Structure formats: structure tokens, C-alpha cells
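Across the two complexes that follow, subunit A remains constant while its partner is subunit B and subsequently subunit C.
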Partner chain A sequence: MAEEVSSQMNSLSISETNPSSSATISLVSGDDIVFKVEPTIAKEMETVQSFIDETDGKITTIPLPNISSHDLPYVIEYCEKSIAGKITKEFEAEFVKKLNNEEVKELFLAANYLNIKKLLDFLSQVIADRIANKSVEYVRRYFGIENDFTPEEEAKLREELAWTFTGVDPDDEDEN
Partner chain B sequence: MDSGGVSDADNIDKRRPFYESSKAWKARNLKRKKKEKEVRRSFTPLSFYKGPTTYHPGPMCNGRFAGKQFVPLSLYTTTVYQPDPVFPVFPVCEGINSSESKMFPVCEGINSSESKMFPVCEGINSSESIGNKSSESIGKNSSESIGKNSSESKVSRNSISDQAALSILSKLPVKSLKRFGCVCKSWSVLFENSDFMTMYTNLFVSHDYHTYILSNDLDQPEIPPFLNHSEFHLLHNTIKFNLPPPFPYSDGHVSILGSTSVNGIFCLGKTSMENQYVLWNPATDKFRRIPSSPTGLIPKCPQSNLYEELFFHAFGYDKLRDDFKIVQYVSSFVCCSRGFDRYYSCLPAKSYFEIYSLKTNSWRMFDMANDLSHWSYPPPFDGLELYLDGACHWLVTKYHSSKHVETTLLTFHLSDEVFFTTPIGESSYTLETRLMVLNGSIAFFSNHHGDTVFHISILGELGVSQSWIKLYISDPFPPLRCPPIGFGNAGCIFFTKTNSTEEDYELAYLDLSTQKTQIIKDHGITLGKKSYFRVGLYKESLFPIGGSSH
Partner chain C sequence: MDICLIKKQPQSTPSLRPTFIPGELIAEILSFLPVKTITRFKCVSKYWNTFISDPKFVYKHLNKSSQKQHFILTWGHVNAYTLIPFPLHGSLEIPSITIDGEDLHYLKGCYIVGSYNGLICLYAKSFYMAHNVTYQDYSIYFWNPSTRKVSKKLGSFIYSTPIDQSYVHLNSFRFAFGFDDSTKTYKVVAFHVELEYNASEVKVFTLGGSCWRNIQSFPVIPLNWVDSNGVHERHTICCCCLKVLLRFHLLGQFLRF
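Up next is the complex of A and B:
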């Protein structure tokens, strides 16, 4: 991560540069860390690109307050691989291997915010695979969803769907 | 050019000159069933054949047909593996879960235990700004206007927006999806949510396979002998494949049992000759002839009115024993015009399964406790048998009346050698049905005779009839001939279609995800009026099967 952090800015003032030069784009994370990336990387992030387009490329420093300096390097790495056409199953497996479910969720939200289709697609599959055998309670917590059933309604539904409740992993107490 | 005016039954007969239309077949089957039932009622029960080492004619047999009517068991290998057949048995569904994870080996080993090592991440986002993709939300606004409010309530911290949640849910196996219907009210009606269904069905196509097209053409359509030449092609692929040399008798069409390759191996058969199989691995260009089962070796007594027919053909892989198996059901019935009662009173009808093992290169008898006589038997090579994840599946029907036909999925687990059923539902006599694999799930295709509308449902859990979920209802344009000739990669359904001169057929497919129809062009496949096509899935492997090369 360290080499990608080129400078730390105290203010988020928008700098203007000559649009014709292929200057790097500065992405500023929510915790004010600046990441300098090639314009091609920014193209992968639809949210960033549409912002650049709207300002005719004059603005090259883009604050991303919703994304932490923990997640941004992951996002950039994935985009770099994607441009190089080097997204393989092996790379993807390695990419999420060390991330716990909460971290994957954060990254998913970052990808959703930046509107990076490939990453979003990949991470939603990762999450789907990880929650497939989880309990209803776990999924409620994970998605932040409030149970709007009455206890009677839920009990009835669970009875109807009894066949789906086999092979459910026990919830891990420490996980949430 | 439009075949809409011609009735569907006519089309079928034209397209499959050596094939009975399925209506005729059903009628014949029904007639036979009736007779067979009568036979059974008055005769020795099937348990008579149970002992693998004892062979003797039926106790009431008058001796006339003794020794000729029954297959001596010594012809089978004596190492009989016979678990207690239990019925019904519902093993844990392997289908959907395992196939899903096949596509994505990513998440293995990362589970709750590992995540303990990581502290729970503190929220960075407020949920409100998530999913807000408009560019105004960044940049122009100063940073303070966009929430960095980590002090906000814990509930709203990085929760997933509804739309984003749908994209995750659409990638879940059916069983999980159904279970998460208990999460909240809106999730309990996901299958009625059109946004979700669009996502779900689009994702429900697998791109992991090749689509093969097997064609059979008559060399001289008008002059006997009616010899076929057969071709095997992969769609969008120019590699040439040579089918193994023809079977001893060359009439009939070469076809593939179960439509799909099993670990890269095809089991070829001929529609005219049951009991003749060749295993073929196109990737290694090796093939291997399978010896005929003992049933076919027994000469029939000339005066005998006993007929043997083979049903429930299937080819699959026994994971437990690392063995390929071919399964078929031998059913005998008496058919004579006179003296019904006298004949019937002395001949037991015999029905049993035969199982071929590639490892031992031999057939053995497998007697099942379940009575299959009340089901109509599926003919092979017609999209009614299927292999998936260690089990063979067949579509069977039970006829009550023309408007009341019960359809069921019959499953035979190749490792455990047990049968179980998953009822599909009730329908009418005119329903054409097929089995297919959609993204690792068993799917049920149905359409009514003369109608172009078809339905596709997928099965969530074997043995659970309420886990059938209707995925598609589609109405392709009329020139497509239902029933389809097969199912290919990426959710494509293949049909034949008459070309502009109405003399030849064209191949076309309907892409389920786009609902668009495409004609296959420049494929190098010989197309003739009497062509017989089958389409299915192929995934290459270098699995050795022994045998010889071309």
C-alpha cells in the first residue's frame, strides 16, 4: 500500500491541470490519503470517469469520502489487473483470501459506489458463496435488515420452508 | 417458409423418420403397460430374481420356455454390490451447491474461523450515500458535505442498499434464496420481483461448457439401405472431430446418452440398437466399445411371445468408486393374440436393472425393490435422461386420464445405488417435456403440442417437490419447431427451423438471457431434409478410458 500513497494532502481543494497531458488522477480516500493513478485506471471507475468527463478533464483530484484508505488500494489493484487483462480465477482467489466477510462487504460497497462492474460482479459472487450456508439471523445482521415479520408469520414461513434449513452453518459468535 | 400451418406431430415425424412420434410412443407404452400390469398381477413377484447366484425358472413355469426366457445370472459378474434399497431416500442435494462453488473456487477455506483474526472494521460510510452514483455526489461538493460520519449510529454503518443486495441474492443457490425468504417480507417474495427475476435468470446461464451439435444425415435418402453419416461439431469452434467408427449395423442415428459429456466422456449409442454403447473422449480421440449386456446375448425362443425392452438408459460417474457406469432397465412383457390367460398364468414378467462398470468391464444385475411398473418408461436419447453430480435422472409419467398425467423426476444415485423421486406436478397428455442442465441445476422444460410457448423450471433440492421454481416462460417465433433438439451452453435452446425454400432445415437457437433467436450459419454442418440433430453440453477432459484411437 505504501508506494501507492504518494502524498498526503491536508485540504481537498480541487487542483486544475492541463487536460491534454495525460496527468495522473489523484484519488483522495475518506481518511484523506491521496492515491495517484493513471487515467486508464480512473476509466474503470465509472463514477470517477463520469466526474472527469463532466469537468472536461480539468479536474484531476477527486475526493472519495465513502472509501477508506484500507479499501482503495484493493480497488486500484483490481482495476490495474483488469486493464492488463490479467483477471484470473487464481488472482481473484488470492485477492479475497485474506479478507473476512465484513471486509469483503466494505469492498463491495466501495465497488458499488465507484460503479466498477467487474469488481462488483466478482464480489457479489464472493459474498453469495460465503453466505449461502449462513443462517437467516446472520444474513439479517450482515445486510443490516430489520425483521418485519411477526413471530407467528416467521414461524409459519419457516415451517413451510423447512427443507431449506438443513445444512446451515452455525453462526460464529465473534464474527459479527 | 413458415411451418406454422403444419401440425406439430407431422413435423416431428418428418424430422425423425425412424422415430415414433412421442405421441405414438406414449400410446404404445400405455398399451404395453396395461398388459404388463395384468401379467404382474398373476405372477411371481420380482423378489424371485433377488439372489444373484440362484437361477431357476419360475415355479409355475410349464417348462416350455424354461431356460430361454430368463437370463442366466452366471452371465453377470458375481460380485454384486447390493445396498438395501430404500425408498424414498433424500440425500443431501449436491446439485446446486456444488456446481455453484465449482464456478467460483474463491471462497474456499475462508470462513468464520479465519475472520476472527480481523477486527471488525469500523464503518466509513453512511448508508445514504451508497449507491449514489451521480457525479455530483463527489468532487464539486466539498468533502464536509458527504458523510464521513463514523460516529453515526451503528445500524446504518455500511449496510447494503436494496439494489446492491439483489445483485448478491441473484447469485445464490435456490435453497439459500428460499431460506433467506425468512429474512424480511420483501425477500420472501423475491421470485415475484421482476427486477430480481431479470437479474436472476440472466445469471442463470453457464458459460463453462461447449455446445456440441451432433448431426445424422442419410447418404441416400430415397434408396435403402438407409445409411447415415454422422458428424460431431462444436459450436463456434472449427476443430474437427471424428466420431468413432460406426456401430455394427449402420441404420439408425448415432446419439449421445444423457445429452452431456460426463467428465469429458460421451456415451454414444444408436437409436435403432439399444444395448450397444461406445465410450468416446473427443479430447484424446480415444473410444472404447462396451460389451453388450447379457440380455442381448440370449437368443429368443422363436415361439416365444416374450419381448424384452430396454428403458431407463443412463451413463454417469460413480464418484465413490471412481468408475463410469451405464445403467439400463430390462423389462419383459408377454404379447400374444390368443390364449391370453393360459400364457399369462405361466410366465412371470421380469424386470431389473443392469449396470455396467468400466473398471471391471462387465455388466451385473441390480434388482431394485421399487416397482417401476406404474411409470411410463422414457425412451433413450430424447432428452428425458440426464446425468448430474453422481446421479442419473429420468422424467417419468403416470397416466391417469388424458387431462391428468403425473410427471416425476426419478433419480438413481450411482454411488449409493438408491432410487428416489421428486414429483414435478400434474399436466395433460399433450405436454412435451425435456430435462436439461441450467448452470448446474436440473431444469424441466415443457411445452404443449402445437404450441410454441414453453416453460422452464429449475429444481432447488432433490426430493423436494416444492423446490421447483419456474424460471422462464417464453414464446419463440413460430417457425421454430418444438420440442427442441437440445440445450447448449449459456442458456441457449436449440431448435430446427425450415429454411426459405422449405426443403431443408436450419438450426436456430433461442438465447434465454436475451430472448433473441439466432440462426446458426457457416457451421460446416451438413443439413438435409432428413437430418437428425442433437445438441448438448461438452466439457473437455483428458480422462483416460483405455480403448483405441482411430
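Up next is the complex of A and C:
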């Protein structure tokens, strides 16, 4: 699988259009694809920026083993929009429309790892919206959580919290 | 910045297990949800049940949700109310709201003192007379409409006056409710004045404590009575009585204007 993604990625050009600007930063995804970005983009990623600062800017190739080449372009796209001040409701709606549940979670973890507060907050809201009206069973599947209550414990808790079980969507639109 | 970005079509991740999100990050996500939803999710697992009830998570959620204002609509008669809390979105525009029957709360025998951080303080009062003495029996309750929990009766006390001196209305206790940020505690101030003696009595109840603490009273200048309970401002409670505006600092100091 890794090779397949890799060959697909290599066929796409990742180029810099403004060579006069300061040195670009190379972000290396967990599956060894290099993404060259402007230093301003790196600044949005606190984890990357602090790595650059710690080495006095001598190191400009940053390995990001926890982030795949599938997720990194989304992160970069969001950071670009953020720098340009173009994070609008419309952009966010379009951005998130492209992502399935697994991808949203992966990006959420990437935003956390890279410490991009705005993206993390945005994706927290997206995930919250996706589970808001869902059943307990849906949420367990969504996060891969095992139910460790005994049937008696769960029945008792559900009875106590019966008022919270109104207005829950049926589970049939479950997708992943 | 014109990097030719990879505009790949989203492809489903071929993993069998869903991406694992650690507990502290789950808390981050859940803090964006309303209380009712979060409460339902206590049934997800034992861990979720524990951390959702954890004060640290409650505080995190409060910080986020306190940016959203809520109103409480009340209507009713003498001492029985119907209440409905509803969120206020953005500006001060009054939205038209549809009342959902399940959000209506009926209260009998209680008066609202005030609210803070979504917690509403109520007091109950009853009178009775015996052997030429009038007794006023007070108690307070705390009510969280979001979790639908009402505390048990707290801080009950009785105030008695000889029947011939009982200007019941004037001698009633007034209440004010506030939050002491330095100790993270909710406090209720009860105060009353005795016109004929130019005297006053002030006491404080701390939520989590068990009794009222009497504090320094204030001299009274008889002007017109202003019939109101106190209002909470930042760190202070303002009590309007006898047209003297008193500010009670929640740490226990009077500031007088």
C-alpha cells in the first residue's frame, strides 16, 4: 500500500513558485514523501516551527512520522488559507465535505501533533457535529470503543439518563 | 504560495480498526457538545462515564459554553413558575423560539435568587405563627437545568419576630447569588434590615458547606424601601435596599456606596 501511494504521489509535481523567498521547508510524511512549503506555512505548525527554532534554522527538513502523505496536503491547504485570511464558512464546509469519518479523525490527530490550534478547534467542532445527534452505539463504533459495562450497569445508567435519549438520529445512515 | 498540491480524491483508509483518539483529545471534542448529548454519552463506556463527570472536564466545558449566552424565560403566579432556558445565538436579536415540552420546568414554592455559570439559585420561604411569634422558615436550592439536577434543601434557617413587630414584608430576608472566582465556590448572601432598630443582619452560605456564616452587618438609613434581591457582578454582589447600594465582596468585605 505504501508503495502504491508513493508512486502516485511522485507523479505529482510539488514545486515552489517563488524562489526569491527564504529557504523552503521540507516536510517529510510518515511514508517518506517530501512536501516543500514556505516558512510561513511552517510557522502555522507550532511543532514544526519549534523544531526549526531549536536548530537555529539550520535544519529545514522535518520528518513527520505520524502524518501520512494523504493527510499532509489537507493540513497545508488549511494553513495556506489561514495565512491568507481566507478561512470562511464556505471554505470550511467544502473542506470537510471531502473528508470521510476516518479522514477527519486522522486530520484531527495530525492537527494535534502539529499543534495547529485553529485546525484542531475546527476539526473538534466537525467531529462533535458528526456525533451530536447519534446513539451511544454509533459513538462506540465511531471511536472504536468497547462497551465495558455489564448489561445491568448499562440498563441502570440508561434509565437514570432516559431524558437524554430523546431526539437521537436512527443509526441507519451509519457510514465510514 | 503556489505549491501544486495533491488534489487526490478522498480514499477510504483501508484499516479495519477505526483511528484511535486518546482520552484527553476525546475531551477536547466533547467540550463542543451540549450537556444533554454529553450526558447521554456517559453510557459509552466506564471511562467515558468517569471523565465526563470529572470536575476538570466540567470546567473545560463550562469555559467553552459560557461564551454562549442563555436566557431563562419565566412565567407564572405568586410563587409557582414555569421556566424554560434557551440559548441566545450571537447578537441580541430576540429569536422566535419553539418551546419543546421537555425543556419546560415547573417550580412550586420557590423564588429565583439568580443564576451564574448556568446554575440557578432558588429560595423557598414559609410562614407560621405560634405563641405570638411569627416564624419565617427559609431554605435554598441549587438547580442545574442542563443536567436536570436539583440539590436537596440546603441552608435552612428560621427567623422569628414577636407577632406585634412582624412587619413581615419589610423584615423578610433578601438573597443574592454569586461565584467567588478565587476559591471557585458559589456563594449565597442573605440579608435583611430591621427598620425600627436601624439594624441589619447579613449571612453567607457557601455551596459545599453546611451552614450560614454571619458577617459584619451594616448600619441602616431609613429611606424608601426598594424591593429587590441582589444582583451579582464580577466578584461582588450588589444589594439594593433602603436606597443604599451595598456591594458585598464575595471574599467577605463590604464595599459601600
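Here is the rule we use: the second predicted complex is superposed on the first by the 151 of 176 C-alpha atoms of A that agree within 3 Å, B and C clash if a C-alpha of one lies under 4 Å from a C-alpha of the other, contacts with A are read in each partner's own complex, and residues count from 1 in each chain.
Throughout what follows, a contact is a pair of C-beta atoms (placed from the backbone, for glycine too) under 8 Å apart; a residue touches a chain by one contact, two chains touch by 3 or more.
What you see is a predicted model, and the numbers here were worked out from it, not measured in a lab.
*Asks:* Overlaying the two complexes on subunit A, which is it for subunit B and subunit C: clash or fit?
*Replies:* With subunit A aligned, subunit B runs into subunit C, so clash.
*Asks:* Name the contact category of A:35: first (subunit B only), second (subunit C only), both, or neither.
*Replies:* In the superposition, A:35 touches subunit C alone.
*Asks:* Regarding the shared-chain residue A:73, is it in contact with subunit B (first), subunit C (second), both, or neither?
*Replies:* A:73 sits against subunit C, while subunit B stays out of touch.
*Asks:* So in the superposed three-chain picture, is A:169 touching just subunit B, just subunit C, both, or none of them (first/second/both/neither)?
*Replies:* first
*Asks:* State whether A:54 touches subunit B only (first), subunit C only (second), both chains, or neither.
*Replies:* A:54 contacts subunit B only, not subunit C.
*Asks:* Does the superposition put A:92 against subunit B (first), subunit C (second), both, or neither?
*Replies:* first
*Asks:* After superposing on chain A, which of these stretches of subunit B ends up overlapping subunit C: 277-285, 295-303 or 385-393?
*Replies:* For subunit B, the listed stretch overlapping subunit C after superposition is 385-393.
*Asks:* Indicate the residue numbers of subunit A shared between its subunit B interface and its subunit C interface, in ascending order.
*Replies:* Shared contact residues on subunit A (touching subunit B in one complex, subunit C in the other): 12, 14, 70, 99-103, 105-106, 108-109, 112, 120, 124-125, 127-128, 131-133, 136, 139-140, 143-149, 154, 157-158, 161, 163-166, 168, 176.
*Asks:* Which part of subunit C faces subunit A closely enough to touch in the complex?
*Replies:* 1-8, 10-15, 17-21, 25-26, 28-34, 36-37, 39-49, 102, 148
*Asks:* Applying the document's contact rule, which stretches of subunit A touch subunit B when the two form their complex?
*Replies:* Against subunit B, subunit A makes touches at 12, 14, 30-31, 46-48, 50-51, 54-55, 59, 62-68, 70-71, 89, 92-93, 96-97, 99-103, 105-106, 108-109, 112-113, 115, 120-121, 124-133, 136, 139-140, 143-149, 154, 157-158, 161, 163-169, 172, 174-176.
*Asks:* In the complex, go through subunit B and note every residue touching subunit A.
*Replies:* 92, 97, 100-101, 103-118, 120-121, 124-125, 127, 129-133, 135, 138-139, 142-143, 146-148, 155-161, 164-165, 167-173, 175-176, 178-185, 187-188, 460-461, 464, 466-467
*Asks:* Which of the residues in subunit A come into contact with subunit C in the complex?
*Replies:* Answer in residue numbers: 1, 8-9, 12-18, 35-38, 40-41, 69-70, 73, 76-77, 80, 83, 98-103, 105-106, 108-109, 112, 120, 124-125, 127-128, 131-133, 136, 139-149, 154, 157-158, 161, 163-166, 168, 176.
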